[in-house]
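See the structures that follow.
Next, two complexes with chain A in common: one pairs it with chain B, the other with chain C.
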Partner chain A sequence: MKNNKGFTLVEVIIAIAALGVICAVLLKLFVLAGDTNKHAGNMQEAQLAVTSVTEVLTSEDSMQEALDYLGLDAKDDIAGSYTLQKDSFTVGIDIMKKDGSYPGTLYSLDIRAHSGGNELAAISTARYVKEDAS
Partner chain B sequence: MKRILTSKKGASSILVVLLLVVLVVFGIAALTTALSNLRLGQKNAEWSTAYYTAEAQAQGCYAKIDQAVHDAFDSDDTGMAEAIVSRIELLDFDTSTEVNDETMLISFDTWSGDIGLEAVLALSLTDKDSLHPVKWQEKQSH
Partner chain C sequence: MHPRSKVFAIESITVMLVMIIFALVTFLVINGGSSAYNTIIDDKLNTENARVAYSYINMKIRQNDAAGCIDVVETAFGDTLKIDIEDGEYCTYIFFSDGALYECVTSAGMPPAVSAANKITALSGFSLQRSGNLISISCICGKDGKTMEGTVGLRT
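On to the complex of A and B.
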């Protein structure tokens, strides 16, 4: 005789609920992967923005020319804090003159990229410029 | 045996288990890729930090060498090459110098972790303002 006995409603609901819980946990893996990818992408883009600004500051003939190239108004003695918008990041540039009596000027450069109040990338370096010597 | 093979009992359970396995495999693959991406970004950031730290040290060395060159030119010492070399040797980092005719080449390395920067400065022995880099490049490893 054929057995036509099925599951009760409670059994079906429990099975669907259990499957739902397991699927929710597994789908969270995808959400986590998406968030991680987004963060990694932001970090790499911020690093690119900081590196490109640093390269301009360290490769132009003078600091004045570098700041002009970046579209920033240079302060009287170059040293100071500057801010510029690059892609979706706010890039902060701190230029300081290092102590020491040199024929030229030794600048310390601190470049940081922020997005939404979070610092995503930073580079600290220095540059010796003979042309800016007073 | 034939009854087992033709029975449809448990077919939906197998489908559900397969679905879960597929979800687990794809989920782990996606997460692994994302984490690799993040690690790559972090490595890139670490390399940049180390490279520009080495660059900062090299720029400091360049400034000190320039100062030593100016001191030598401003001194009453005879024999400009010797006067420059003696002042450069007093600096707090290793350098090597080479004189060809009227040109002096000054080489030095700076390191930040495994990232190094190799610099060579050229100077005309008749012009104290002629010091300039002729080689400024990354070194692969110690």
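On to the complex of A and C.
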């Protein structure tokens, strides 16, 4: 008479292989959760960095002083592209002079944080400097 | 030993080995998952605390940004944010002590004290620096010393 009690080795191996696949998916999810958390942290840090750079560029008495505070070498007429390297991302600063008949200078500021081609945070604003101290 | 019994014994041992490997892998997956979960939660909590501290100071500066009312001073607790309110009749001090950020409201001329202060949030470290009309805030969070740094500009 055939013995029908218990599982055969093949059945056990198939069951464990199926569970192995589920475990692999779970492990992948843990890694994904960690990556998502890291990305969220980076984005928060980038937003803070962009806000801080904007604060400096709009609060200092002159654009020259603001760029000095940020540790950047100011170009002759201030306008141009600047880069600030942070630990996990780069902050790009584009300063342009706006045309118009003002007694001072109107600058357009475009501040963007990016990492590996992905933009993490961005602020576009303008700053009017009465007498260009640069 | 009977050949049939020998095959049965080998099969049993193999099944037991496979089950042991399965138990080990299951243990490792559960342990890894728990560890990943705890790391993520700790990291989020630390970042959240640093963010709360930074936002609170930022809000306080914005609320009280009148000429000469905000300054960074050195007290017994190190770098302290001093905010004069009601024409200098009272002072609000924001300082770091024993793993937490505190806010203390005192009469003018009185030094801040932890016993009279309200706890804002837990932090690992904190520093303030004033340069002209810019105040740099550094909030250190977590055991790995991750720092959240920001700058606030005074409008007055």
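A few notes on this one:
By our rule, the second predicted complex is superposed on the first by the 124 of 134 C-alpha atoms of A that agree within 3 Å, B and C clash if a C-alpha of one lies under 4 Å from a C-alpha of the other, contacts with A are read in each partner's own complex, and residues count from 1 in each chain.
Criterion: a contact is a pair of C-beta atoms (placed from the backbone, for glycine too) under 8 Å apart; a residue touches a chain by one contact, two chains touch by 3 or more.
Treat the numbers as computed from the prediction; the structure is a model and nothing was measured.
For the composite obtained by overlaying on chain A, chain B and chain C can both be accommodated side by side without a clash.
Looking at the shared chain after the overlay, A:Asn37 reaches both chain B and chain C. Of the two partner chains, chain B is the only one touched by A:Arg127; chain C is not. Of the two partner chains placed by superposition, chain B and chain C are both touched by A:Thr51.
Residue by residue along chain A, chain B and chain C are tallied for touches, and B comes out ahead.
In the superposition on chain A, contact is made by A:Ser59 with chain C only, not with chain B.
Legend: residue contacts after superposition of the two complexes on their common chain; A:Gly104 is shown touching chain B, with no touch to chain C. Looking at the shared chain after the overlay, A:Leu9 reaches chain C, while chain B stays out of its contact range.
Once the two complexes are laid over each other on the shared chain, residue contacts for A:Leu26 go to chain B and to chain C alike.
Angle at chain A between chain B and chain C, computed from CA centres in the superposed arrangement: 80 degrees, to the nearest 10. Taking every C-alpha of chain B against every C-alpha of chain C after the fit on chain A, the minimum distance is 6 Å. When the two complexes are laid over each other on chain A, chain A has residues 19, 23, 26-27, 30, 33-34, 37, 41, 44, 51, 58 in contact with both chain B and chain C.
The touching residues of chain C, when paired with chain A in their complex, are 11, 14-15, 18-19, 21-22, 25-26, 29, 32-33, 36-37, 39-40, 43-44, 47, 51, 54, 131-134, 148-155. Only residues 19, 22-23, 26-27, 29-30, 32-34, 36-37, 39-41, 43-44, 47, 50-51, 54, 58, 98, 100-104, 106, 108, 121-128, 130 of chain A touch chain B when the two sit together in their complex. Every residue of chain B that touches chain A in the complex is listed here, in rising order: 16, 20, 23-24, 26-28, 30-31, 33-35, 37-38, 40-42, 44-45, 48-49, 52-53, 55-57, 59-60, 62-64, 66-67, 70, 129.
Partner chain C is touched in their complex by these residues of chain A: 7, 9, 12-13, 16, 19-20, 23, 26-27, 30-31, 33-34, 37, 41, 44-45, 48-49, 51-52, 55-56, 58-61, 65, 69.
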